[in-house]
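Report on the following structure.
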Amino acid sequence: MRELTCREAIREALREEMDRDGSVFVFGEDVADYGGVFKVTEGLLEEFGPERIFDTPLSESAIVGAAVGAAVMGMRPVVEVMFADFTTIAMDALVNHAAKMNYMSGGETPAPLVVRMAYGAGPRWGSHHTQSVEAWLANVPGLTIVMPSTPHDAKGLLKSAIRTPNPVVFLEHKLLYGKKGEVPEDDYVVPLGTANVAHPGDAVTVVATGLMVHRALDAARALRADGIDAEVIDLRSIQPLDEETILASVEKTGRIVIAHESPVRGGFGGEIAAVVAEKALGFLDAPVQRVGAPWTPVPFGQVLVDAYVPSEAAIIRAVRATLGSADERRNDG
Amino acid sequence: MSGSGGLTDRDLVEMYRWLLLTRAFEDRVCELWAQGRLMELPHGSQGQEAIGVGACYGLRGEDHVLPSLRTRAAFFVRGIPTRVQMAAMYAKATGAAGGKASSHHMGDAARGVLVGSGIIGASITVAAGAALAFRLRRQDRVVLCFFGDGAAQRGDFHEGLNFAGVFRLPVVFVLENNGWAEMTPVAKHFAGSDFASRAAGYGFPGVRVDGNDIFAVHEAAQSAVTRARTGLGPTLLECVTYRLRGHCENNPVATCRDMAEVEGWREKDPLPRMRAELVRRGVLDPARIAAIDRDVCAEIEDAVAFAEGSPPPPLEELHRDVYAPESAALVGGTRS
Amino acid sequence: MRELTCREAIREALREEMDRDGSVFVFGEDVADYGGVFKVTEGLLEEFGPERIFDTPLSESAIVGAAVGAAVMGMRPVVEVMFADFTTIAMDALVNHAAKMNYMSGGETPAPLVVRMAYGAGPRWGSHHTQSVEAWLANVPGLTIVMPSTPHDAKGLLKSAIRTPNPVVFLEHKLLYGKKGEVPEDDYVVPLGTANVAHPGDAVTVVATGLMVHRALDAARALRADGIDAEVIDLRSIQPLDEETILASVEKTGRIVIAHESPVRGGFGGEIAAVVAEKALGFLDAPVQRVGAPWTPVPFGQVLVDAYVPSEAAIIRAVRATLGSADERRNDG
Amino acid sequence: MSGSGGLTDRDLVEMYRWLLLTRAFEDRVCELWAQGRLMELPHGSQGQEAIGVGACYGLRGEDHVLPSLRTRAAFFVRGIPTRVQMAAMYAKATGAAGGKASSHHMGDAARGVLVGSGIIGASITVAAGAALAFRLRRQDRVVLCFFGDGAAQRGDFHEGLNFAGVFRLPVVFVLENNGWAEMTPVAKHFAGSDFASRAAGYGFPGVRVDGNDIFAVHEAAQSAVTRARTGLGPTLLECVTYRLRGHCENNPVATCRDMAEVEGWREKDPLPRMRAELVRRGVLDPARIAAIDRDVCAEIEDAVAFAEGSPPPPLEELHRDVYAPESAALVGGTRS
């Protein structure tokens, strides 16, 4: 099958949906003439013209707020908020308006919009262009939160995100834009709320999102060499959350490691641990392990960022810990 | 009072009735609140009704309005039944969003009323977005967005007006300058001379009118609407008015205010002012006035009876409408 | 001991700290002339004058942003953001600036400010004046998040919040402002990050915050009648989080119920469940139970809000569930 | 060029040197970036240096500045060593915040430089707050807050300026209008005529000057600073300039731009312009110019050597400064 990068896959999803539905349109800062600072929307202006994709002033609150207004009038805006760190200035339109429009209108005017944002740490961006923000939005009923990790899923999930009548926060990891992977030619969608078993195994369950999925897969490969079969689950969306897939895996493995890039404390991993502790406690043969960033802002520079972002090694350590402590819990119980 | 351009006598009487109905509704809900019969805390618009009536009267059915917490009149002129508004204040199933929403932010898609916001100022960017949808669809529709002087200090005022100006969107921003933001007078939250002149910073005209002169508001709104409808872009219409009651029924009228100021504005109350003008013009006479009074009064009492007789929302209502049902379109593609 | 309401206790803390330290000052919407929409700051203008407490324009982003600027210059601003729902418009100053100032300045310019906000559901406020927002801010290193439930703690914690050199989000539950309780006359502080065992017991641990602490105490009283001794832990602050007190209790009881007012999914309860599943799994004799709001926006009106806010009965049901399922987990394990 | 008021020849030469040092630094880091030697992506201010030098020259040590991502000159004029700035671009321990921060948002408390922000526009409210602290402490200090035309479209511009206007805070807002916000020209994000006039909407003066005329900038800034220092409140100083390089070194100069526009502005480059003026006035001669060139060049090369020779931050640095250490004051009260 042909290979595309995540960047190309997202662009293809936009192109196909803009073709399919005239109410789908794109706006944001430098998305048209320049094609987006991450070049995701490159070429769409030439193809669809200035009414389907256009540049805006430096006004994230107006960008998302206007998307809400256009969406309630029946359009399907897909807006780009360059860096997910700017969630802080678009949060009101997202949390108090997009997420509540359908509820406050008694179902009359849902807000079918997609807010695309680039998240994740890198050495050169510093504390304001690198945060993983999903946990800031995960306690807001009405929102849907998507975090693809492969070109295949990025395309299929974005198409679903554009087609759903509800507001979707679509989080794209900066370091995955260039990641290549197989992408079918046909018009497929990946349903929201369905996790993907990225690597089957029966020794331990590793639940991950975004870039951490790849770290987890690297860890699984390394562990396989030692005869440890880790099952890697790529959540793909955290809201809706595919509890079934997580629980089925834990019931099989009895062990779980949860990995995300944002700091452990207050991160979405807590929700996953809670679901397991509520619904599969009896299957756990070892304490839950969470792998995430330390309790610090995202630093600047290669050395510190490498120390900040959870590594394959950290996941391997956590997996070994769950295996090593197999009996502990029975004892100290 | 300024002239009333193309308005027929019928229009004038209808506008007067809207003005009276709004006032009667506001006064009645304040009474009901005092009696402990309402769920919703009234934020009375008494004294400001000429803005909503003047600006909304004459709009087309397909135009849209986004009222502020103080634009009760807009709900009436757009045709939301008095019964429904009253039921919403009682949080009844027959009210707003099946009882899930309060009356002062209620929307009505069929009547072109966009859902309002409890986050003051936030509606401004939403209104710009609705206007953007009209522009993209090449519909010659207009959005009227109402908000107060306090809202004009929110970042969203700036971003929303700049966005609308850059794209010359068909939206009219109606700023209800009633001299106060809760218990803070304009002089304490604004160092400029007037709000209308801020429009220049966004590349479109700003107009300042006497918000208690229903004809002045109507005239200015109509030309702003025409401007927007013909693709010339937004207008900021500052309507100078005054809030005759407290910010809400928790605050007595006098809270933080000099009553002489309030009394001074009572003289300019838009309701008696319009009534006197229509009498002067021979459009209304005592008999007609009494008849309209009776009629409005009956409509309000009918609404109260309807609201009090309506059932509360069933508990399942809590869980309804959190998400809109997935459209078949979603599964249009093959799953993978 | 004398009794005060939470409102009076918070006011007293402000008064004492303004007396103690001339750099402590207060601003926000309608806090001076009117004394705050919840009347918390009433009388402070008369006592301290217009330079120590003043009203601002309707500009939450400027209020918190200016607090950051004044704080880095060595002042100790305590600002009021009327309703916690407005976190969405003050979030950038809080998350990207206040929380990161000390880090980005290498420790040169911390931002010692307190943002007081009223949160929590009530029947008359609707979806935009009722949210419990702590989970939105709980994944942000640099912040401290306080949620008092009694007049005693409200005073002691606010004094600590004002004295700490770091930014603090101080969440006050609207329905607790009128709540009375004993408050010592002396100048005491309640250290940040210390939970309080509000009611001792050894049958089950109930961890709660804010209004839920009182629902949990009511539940504990009702359960005592049936001979069930529930231990109620009032977290008081979620950042820092007092893990020790939670773990010590769970190691004793073997059962835990976590109660907060915000929706369960993505709420801070997940973090608590995760900490237990990581560090005290072996002590758990029953699945973790979370009690929180349903996955809906906060509705308007008495009937629906009563159905929305977690009740004493819900906590009792959760407690009984942890007790009832005592053996289950061993079985299905 | 406009006059240079009270500036002595010594001042003029010093200002020229700051201008040259800033340009040399910017050009050098662009080279270093191209060679893959830097960690920080340069956002070059070439062509705009006269704003930072002109506005900051003559400030008092206790005044504060909050530079934009394009105000490199401010760091130099305020005295942050070239070595430290360069080390910051290498993310070395000797750079900003022990290596945890990049150079273009670095702060320096001792030198009155407030930490900048990667959230464009957000610094405006922070600057207002710093000015508020000065006002409350009755210190006759001033804050200079720099930001671009793009930032002027953020809600924080509006809230920050209105807040400063209402309280007449001692802050000068220096708007670096360089015609572009990343790849978007001002004409596409602004429908007004100029930014300076927006100040009226906040109750204080707005002034528009040629940002490439260092004397014009200095003069306007000085009177705005005096105004602020004497309690008369803020000024919005719009400096019209042009970004001669791409938004950052990832974008070639020509990105989305008509090169004729760029060439046209090269003619107005503030550096040769000031040099020619000083030669005309006999303040500089070829020998002096060459000497300053050599001196500046040596300073830059010394900084590069220092930066490259400096150690990276130790891993523990990651965990430092997340929270400031609790002060004893915290336990002042009895615990309970």
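A, B, C and D are the chain letters, set down in written order, and residue numbers restart from 1 in every chain.
The criterion applied here is as follows: a contact is a pair of C-beta atoms (placed from the backbone, for glycine too) under 8 Å apart; a residue touches a chain by one contact, two chains touch by 3 or more.
As the structure is a computational prediction, the values presented were derived from the model and not from experiment.
The chain with its C-alpha centre at the largest distance from the centre of chain A is B. Across the two interfaces under comparison, C-D and A-D, the one joined by more C-beta contacts turns out to be C-D. Chain B and chain D have CA centres that are 45 Å apart. Separating the CA-averaged centres of chain C and chain D is a span of 40 Å.
Centre to centre, using the average C-alpha position, chain A and chain C are separated by 29 Å. Rounded to whole angstrom units, the spacing between the C-alpha centres of chain A and chain D is 36.
Multi-chain contact residues of chain D (touching two or more other chains): 96, 100-101, 105, 117-119, 122, 153-156, 159, 162, 166, 188-190, 322. The residues of chain C that reach two or more other chains are 56-57, 59, 61, 85, 88-89, 92, 96, 103-104, 127-128, 141-142, 295-297, 299, listed in rising order.
Listed in rising order, the residues of chain A touching chain D in the complex are 29-30, 33-34, 37, 55-61, 85-86, 88-89, 123-129, 294-297, 299-304, 307-308. Those residues of chain B lying in contact with chain D across their complex are 153-159, 162, 165-166, 168, 188-193, 195, 197-198, 200-204. Within the complex formed with chain C, the chain A residues making contact are 85, 87-89, 91-92, 94-96, 99-100, 103-104, 127-128, 135-142, 238-239, 241, 262-263, 265-274, 276-279, 281-284, 286-290, 295-297, 299, 328-333.
Taken in their complex, chain A has these residues touching chain B: 20-21, 25, 51, 56-57, 59, 61-75, 77, 92-93, 96-97, 101-110, 112, 141-142, 144, 152, 156, 159-160, 163-166, 184, 186-191. By the touch criterion given at the top, residues 39-41, 91, 96, 99-102, 105, 117-122, 150-151, 153-156, 181-184, 188-190, 255-256, 312-313, 315, 317-319, 322 of chain D touch chain A in their complex.
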